[in-house]
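The following pair of complexes shares a single chain, chain A, combined with chain B in the former and chain C in the latter.
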Partner chain A sequence: MYGRKACQLVKEFASGEKDQLTPFNNDLFDQVISECSQHHHELQSLIRKMQEEGLDVQTARNADHYGALIHLFSIVRNKRCLTAYVYNRTETIRNLLWKIGPVIPKEIEEKLNHWEEEYFKKHSAALRDYMSKALVDLTVDMVPPKDPYIQVRVLEDIREGIVLSDNKNPNFARHSMHFLKRTDAEKYISRGLMEELAG
Partner chain B sequence: MASRSVETEPSTQAEDDYNAMLSTTDVELLKRAWRNEKAAPEILPFQSDLIARVREQIELMEETVEEKSTLGTDPLSVSLYQMDLDRTLFLLRSYLRIRILKIEKYMFHIQKTDELWNRLSKDEKFFTERCSDDLKKHLEESVLSKLPENYQSRERQSIISEEDDMRLDIFKFDLPELKSICNRVPEPRLDTFVLCRSKDYLTGIQLGDGPVDDRSKLFEMEAGVLYFICYKSIKPLVESGKIELL
Partner chain C sequence: MANYYDIDDILVEEEIVSVKFLKEASGVGIDPSSEADFIEVDSKVELPFWLAHELQLRQAVSVYVPPCFNQKTRLEIQADCASVDLRSRCPYFYEFGCKIAPIVGDRTIGVLLLSAFRNRYKEILTKAHTAAIAAGSKFWTILTNEEINLYETAQSAMASFKKWRMGGPRFQIASILGRKRKPAE
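What follows is the complex of A and B.
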């Protein structure tokens, strides 16, 4: 039936968990695209047929006219479904950017298609650009601060790129515990390298 | 903190004065702007003067903390200053962040609505443009360029503009409902309910919802009392600062 595959695609997204990305369904996506080409082809041949019969395409109301309409509407509908699928995925991608920062982990990268990766990069660049203009880093301070310092435990060895606001160079060995400035610790916590100790 | 200062509890004159002073500090104003922004479904006007002042104050506070911590004589007051600074910074960041999140969500709608567009700061405008260009390009590359030729050029705009004739002109067909399906851009829902409070007694609020015969009645708000109300009907009052959201 016309339009069913596009509907499946949208349903697949809708039934997925919110903020969870499923792998891009290239297979189904391409099938819908080719369905569109097929519709287009048949639409063209119907119009040609009407023209050959000497009918005015704009005013004639015969079976071919309505047949052509069905094809036209199918394309429009499919297009709408495809855009919805892609658009809603970008929304999830943008939310991910806030949660995990500008580096895509491997397991998520596999779920994105080529353009989505590009988009992710571009969007995170746009965000970075805004933050550097506004002179504030919006990715820290996600929860209201209670205390300027928090107790954290290091979950994985962090050897490189340690930047703390007091310019000290601590040894973040695995399982070691530290008392850090919350703003310093947050970026490690969001990357899963540290955890905050309750209390 | 003075978050409860506006509530009408019995208090002495001195306390009232103190509360009145607190509620007009920039941090308090920022807190109000932040609360409003957080609760409102649509983007509110950017508080450019306030934000500029708050930035200056943050710089001053940073200097104070710096100065005091190099002296190293009074670690307790340093950490108090630091905490105050962190809280103000959080408010500022969160305020800007909420706005950016709204922009990300409703970029096309904001872009085509002048009223909303003018509420953005210069940097936000730039960000919005860049964002929507990126998204348009992404949609074009991954969907539209793969569709049959005739459906790309005009239809590309179908998610962002009103004029999408979808080649219906071949058939001289006018199907408004079909056009409207194809022109949906995500818009904020203004008919959601919000918690709000007024500082003064307000009257003559027209409620746009509820049963039809109730609509003509005007609603009044007591000062300091919490109401749960449809955002649409108090929208102008939020914009003029008469009502604050929670």
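What follows is the complex of A and C.
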């Protein structure tokens, strides 16, 4: 049946858990595109046939006309499925940036298409650019804290890339507890490297 | 086309309907019963909704009422609405109903949808707010997608309310990372 493969692609996206990405299905994606070219090919041959019979393609309503229509709708449908697949994945990727910052964890990076990685990089560069001009960090928690400091416990050893606002360089060994500025701790918590200790 | 990119809307339109062709069409392989790539007038074919709808707009086909809105289902819904298994009939029962009603020109479908939803809504909310139903429970399996969303929203509202009352950590691991298994020591 026409449009079946495109629908499979959309279903695959829908069956994944909410906010989770499945690996980009290059194989099926390309199959749908080649299905589109196949439809295009048949559409053209039907129209050519009508022209050879000396009919006006705009107004004639014969069997070839309806055949061509069916191919046309199949292309339009496939296009909708393909763009929806890409669009919805992109939305998830954009949310990723807001939630876990400009570094993609390895297990998610594997699931992205080459273009999606590119998009992520450019989008995060644009955001960084904007924030440095506006002089405000937009990725922090929206609710004003009661206390600017929180207690956290480190869940995994963090050795590299520790940047704190007070320029200190603490030892984030696993299971150690720290009293940090909320804005510093936030990104580590959302990446699953620390947890907040409820006071 | 407000929901052009909407995943659910796309899946609703993939539902199969049977149609009768009023015109002939050549060069298409959508009728499995015919050997040539040609559809005769009056042949009955099963098409996905998106195709049937477009063809119906051009008076090329006439659409039959799909089996999930037949007399038997109606009687069951009238008898005991809350325990009818709508999911196996059509996972997008309400959305599909809204789309199909103007096309088949059946005015009773709207009334059917409304009464079914109204009666089931109460049941779903009560269960979502009170019972902690396990994932394998039978109750889940009869709900349509719309109803499952409703159920989950009601449960998360309840969870948020409890969290607000008891207090708890504000920051959590981003949901996209999922639950990670702890690495072995």
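Quick note on the criterion: the second predicted complex is superposed on the first by the 194 of 199 C-alpha atoms of A that agree within 3 Å, B and C clash if a C-alpha of one lies under 4 Å from a C-alpha of the other, contacts with A are read in each partner's own complex, and residues count from 1 in each chain.
Keep in mind that, in the parts below, contacts are C-beta pairs under 8 Å (C-beta built on N, C-alpha and C of every residue); 3 or more make two chains touch, one makes a residue touch a chain.
This structure is a prediction, so every number in the text was calculated from the model and none was measured.
By the document's definition of touching, neither partner reaches A:I104: not chain B, not chain C. Touch criterion met: A:K122 reaches chain B, while chain C stays clear of it.
In the superposed model, A:L69 makes contact with both chain B and chain C.
Contacts of A:D137 after superposition on the shared chain: chain B is touched, whereas chain C is not. In the superposition on chain A, A:T59 makes contact with chain B only, not with chain C. Contacts of A:R80 after superposition on the shared chain: both chain B and chain C are touched. In the overlay built on the shared chain, the residue A:E42 is in contact with chain C alone; chain B does not reach it. By the touch criterion defined above, A:S190 reaches chain C but does not reach chain B. The residues of chain A shared by its contacts with chain B and with chain C are 68-69, 73, 80, 83, 87, 141.
Within the complex formed with chain A, the chain B residues making contact are 55, 79, 82-83, 86-87, 89-90, 92-94, 96-97, 100-101, 104-105, 123-124, 126-127, 130-131, 134-135, 138-139, 141-144, 146-148, 150-151, 155, 158-159, 166-168, 170-173, 178, 181-182.
Per the touch definition, chain A reaches chain C in the complex via residues 1-3, 7, 10-11, 13-14, 17-21, 42, 45-46, 61-64, 66-71, 73-74, 77, 80-81, 83-84, 87-88, 92, 95-96, 99-100, 105, 108, 141, 143, 156, 185-186, 189-192, 195-198.
For chain A in complex with chain B, the residues that touch the partner chain are 33, 36-37, 39-40, 47, 57-59, 65, 68-69, 72-73, 75-76, 79-80, 82-83, 86-87, 90-91, 94, 98, 113, 115-116, 118-119, 122-123, 126-127, 129-130, 133-138, 140-141, 144-145, 147-148, 182-183. Interface of chain C with chain A (complex): residues 4-8, 10-11, 14, 23-28, 30, 38-39, 48, 50-51, 54-55, 58, 60, 167-178, 180, 183.
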